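As written, the chain order gives the labels A, B, C and D, with residue 1 at the start of each chain.
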Amino acid sequence: MFKTIRRVTILAPTGVRNLSLSAATLEKIGFIGLGNMGGGMACNLIKKGNSVLAFDVVDSNLQAVVSQGGVAASSPSAVAAECSKIVTMLPNNAIVEQVYSGPDGILSTIKEGGFLIDCSTVDPALSKQLAITAKSQGVEFVDSPVSGGVNAASAGTLTFMVGAETEQNFTIAHQTLQHMGAKIIHCGGVGTGGAVKICNNMLLAVSMIGTSEAMNLGIQLGLDPKLLADILGSATGRCWSVDTYNPCPGVLPNVPSSNDYKAGFGTALMTKDLGLAQDAATRAGAATPLGSLAHQIYRTMCNNGFAEKDFSSAFKFIQKK
Amino acid sequence: MFKTIRRVTILAPTGVRNLSLSAATLEKIGFIGLGNMGGGMACNLIKKGNSVLAFDVVDSNLQAVVSQGGVAASSPSAVAAECSKIVTMLPNNAIVEQVYSGPDGILSTIKEGGFLIDCSTVDPALSKQLAITAKSQGVEFVDSPVSGGVNAASAGTLTFMVGAETEQNFTIAHQTLQHMGAKIIHCGGVGTGGAVKICNNMLLAVSMIGTSEAMNLGIQLGLDPKLLADILGSATGRCWSVDTYNPCPGVLPNVPSSNDYKAGFGTALMTKDLGLAQDAATRAGAATPLGSLAHQIYRTMCNNGFAEKDFSSAFKFIQKK
Amino acid sequence: MFKTIRRVTILAPTGVRNLSLSAATLEKIGFIGLGNMGGGMACNLIKKGNSVLAFDVVDSNLQAVVSQGGVAASSPSAVAAECSKIVTMLPNNAIVEQVYSGPDGILSTIKEGGFLIDCSTVDPALSKQLAITAKSQGVEFVDSPVSGGVNAASAGTLTFMVGAETEQNFTIAHQTLQHMGAKIIHCGGVGTGGAVKICNNMLLAVSMIGTSEAMNLGIQLGLDPKLLADILGSATGRCWSVDTYNPCPGVLPNVPSSNDYKAGFGTALMTKDLGLAQDAATRAGAATPLGSLAHQIYRTMCNNGFAEKDFSSAFKFIQKK
Amino acid sequence: MFKTIRRVTILAPTGVRNLSLSAATLEKIGFIGLGNMGGGMACNLIKKGNSVLAFDVVDSNLQAVVSQGGVAASSPSAVAAECSKIVTMLPNNAIVEQVYSGPDGILSTIKEGGFLIDCSTVDPALSKQLAITAKSQGVEFVDSPVSGGVNAASAGTLTFMVGAETEQNFTIAHQTLQHMGAKIIHCGGVGTGGAVKICNNMLLAVSMIGTSEAMNLGIQLGLDPKLLADILGSATGRCWSVDTYNPCPGVLPNVPSSNDYKAGFGTALMTKDLGLAQDAATRAGAATPLGSLAHQIYRTMCNNGFAEKDFSSAFKFIQKK
């Protein structure tokens, strides 16, 4: 029963399962979507001994994985014709819908008994709908968006937030995800992985802009930025955006704000995730005044040249030039 | 030199001075403003062996301190006529201005060489102006707002954020503040104590409403509140409002949200602090879109019956009834 | 050509076509959705001499139209089996989708050469998609949302904003719409009727809350509400919410604010329209900070007991109780 | 009685007094603040036959008025030493305070029986305080901010919103103001002129940004900008920003948006007025969520290079670049 499953998960001290790796877990896995994130993830599957049949619309992405030992397929349906377990890592709702349900999509060739793991960040309602369609073909589907960026994808240290209807499905997903991540969390039924992801990113966006405002105001009022960050970080204003990813240049080393807001998590991507949160909030009738304003601020930043800058560049956007 | 002083403070591992208490530090101290916070603070000065001459406009507040060994004075000017070191803990700009500069105020009788410590949360610009006036009478002034609520005031475990022009002034303030607090931070020149306080509280308000929105949205999307709080708390959405003061009833024990939002830090007080932040931001030309919206949300809550509820009741306000 | 068509429309002094009514325009028309708005509209078609085959899921709605001379049908597909021209007036995207594309929907039985007029307020993207599907069956589709409430629907004085691909389609729609409205505007291709509607309502929501804020602030500052409304109405703050639908009780007679915010345009309906605007804005990457905040304010009002009050009750929501 | 006075004003068809000009009204008037607005106003007083003793800190401003027949004074106190009726037109609270109450200010030399008219846009609370101080010296004070820009100041067609304690004071102010304006409105007691001004400008800012959002969204959705403006202007979205000062380039001729947002009412000035509105709202506890966000948007625009552009450039700011 689901309730039991979730309770077990909650009771575990870290909320994380650590099942031991074994040779038995090595599998033939289809992988579709080999961009910055997916490419690193597929390579980790290969490194850990799995056999990977890969596809990407961009040929250079595909070749990069082939050069690490992957085998190239010509389409999602070609992958699904040969693999019963498939991982997808795609940029948005429309492409996920196309890759799964399009004319040349996974669901056109996948065989009964198949198992699909979507690691994309998409609308939880889309995940639920895909799970229903898959189920009607005798195929299981879990959503499993990730936390952690390109570096974590390469290093195999991602966090996976898994929405799986049953304990068994979580275990089957875990077998594969453990080769790509350090932390694998069962969040509930299908769609809850995405739900956690968009709730977290909405709060992250709010905290980051709030931190940018507080740091900028404090500096205008004559405070030393490092001292301010130190005090906020040990007071009730403490948050990840203050103590780990401070948006004010020079406060922390090795964060995007100290490197002209290059790399990191782009403003356009954050804007997309905030759009998913707003869609879900509207359907749920959940009021999100700050989340909604954060979305608009990031969209305005995109429209003013910040699309490719790290999302901590909110600090720069609000600053007097 | 100020730069040197601040650097020393920053280099200290915790950013906090721990000078040892000694008999030599026991003093005759004036204390004005004996409400929920000031009453506990004055009593701690008495407990630690200081002699306290106290005043409050509310007689029962004054008698409570007298019953602990304080001596009653009849006005701020009467306190200042007898004490060269005075602590004030008052509710707002207007009252601070009155108590210092009014016809019966401290500055009408304080003698040259006096030392004034204002622990109220007020506009940093007011603190600077009072310091200039005091200086013109040969009197030193530091601002030193607190973090921590009524319980910390009683227990003597407050954090003081001190704005002092010189290292010497910080040391003189520290001698007295150590009897009432656990952590005493030198933030810079006069006004910086208040600046840190309002920056922190603005970020706190933003984080708290953001957390309320994320928790409420997640629950609407089918997530278990405790599991969601756990995951957010170990992800990039981590903040004090998630892991220490969660606004969703039942997630954490012993926080106001689990006690019908009673006690804690009232919405009206938070609204006042956000007003100070907005005043300062307007003068500085610092953009604070989320801080400003948080201010409006808390004001709207005050206008809809939440004034006396803990500020984490933002969760309840946005929830579907 | 479309450009020519639109130019003609613009050049007309009022932007409105007034083609003369003639016996030749009387038709057999299907009508689906007979709620507060649709019921009045269908009755006007009957009164003007048209023959109406009607359907609604609520039997009492259907009987009300039958009692005026309509004929009852058992489903959308039953209507479409007999009528080549159909008007729909439905509450939201999901129901429109169901009524058109569902298993018992219009498109399952409509014959080639049919003509569909959707007066619902829905996502312009949905209208475009329905038009494409209809076209593939040899059927024309126009979107034609209305402005004006229940009274205008009964009186036959609605404004229709029509999105029609061609001048001919506009003319065909006009033949029917003229029996239900006083003003019929060609806004461009399919979806533009809805686009105009959601842009207008977003601006209306912003103006209404802005007016509520200005009236409430002015009153707090000691101004007489009527005098304030008079001055705003003749200055740069002039808008429909000030001079025609003032949200402050007692300023204007015969508006919802002077009748405890009863009747009028409900907050829940405004919230729905603002959701459509946000969906469209997100897809278009168009920044709408105030429109988005207005959406959140109306949603928060819905969650606090204002769902059925007129949307001018924003004045009451922000007021000190 | 004030109630009677106001009722009379309200009953007048236009809300405006039109007392006939007569030779008897020509006076010796002091004028302080001869910038873009004040310079034109002072010249109109001269043209209408009044004798003007003028002062400005910028000598070229002063010489421009002297060249039209004014007489130069060396300071506010020098003006007040010779004139019993003085008009001031100054940029902000601080300068008004200085010009009235500073060491060389008006109140240091004005004689009993004097009459002061402040046309600056300032905090209504400052106006009230100046009126009290003036009264204690036997001097009357009215606030009288203007609506209409530089052109209206030159042409003598400004609107004055007068806060005067008595009908008599309004009449005395009117005698002088009629030479500079086309419309003179009695808003109530001292401070109400400024109150009306900031309420109007807050609503104007909200409407302008709302209009910018609606126009931009509509264009993204495929609408013709002129057609959209036409429809909004005849629907419930109607407002001054749509039909008289449309922010979308090309929709209307002869407005700043059709001239690269040059001239007009600068974003920095609008930001200042919104700051006054926020100060007043905070003191009054009046919730202004949209007014507050509009303030932040204009401040962010100032920080991103729009300070000197017309405030309708909000359209450009939110647009995709």
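Note that in this section a contact is a pair of C-beta atoms (placed from the backbone, for glycine too) under 8 Å apart; a residue touches a chain by one contact, two chains touch by 3 or more.
Bear in mind that the values here come from a model prediction, so they are computed numbers and not experimental data.
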- Query: Taking mean CA positions as centres, which chain lies farthest from chain C?
  - Reply: B
- Message: Applying the document's contact definition, name the chain pair with more C-beta pairs in contact, A-C or A-B.
- Response: A-B
- Just give me the whole-number Å value for how far the CA centre of chain A lies from that of chain D. 52
- chain A and chain B: spacing of chain centres that average the CA atoms, whole Å: 39
- Query: Touching two or more other chains, which residues of chain B qualify?
  - Reply: 285-289, 293, 297, 300, 302-303, 318, 320
- Query: Can you list the chain B residues touching chain A in their complex?
  - Reply: 6, 9-10, 14-15, 124, 147, 159, 161, 185, 187-189, 191-192, 195-196, 198-204, 206-207, 209-211, 213-218, 220-224, 226-228, 230-232, 234-242, 245, 277, 280-281, 284-291, 293-294, 297, 318, 320
- Quick one: which bits of chain C touch chain B in the complex? Just the residue numbers, please. 293, 300, 302-305, 317-321
- In their shared complex, chain A is touched by residues of chain C numbered 275, 278-279, 282, 285-289, 292-293, 295-297, 299-300, 302-303
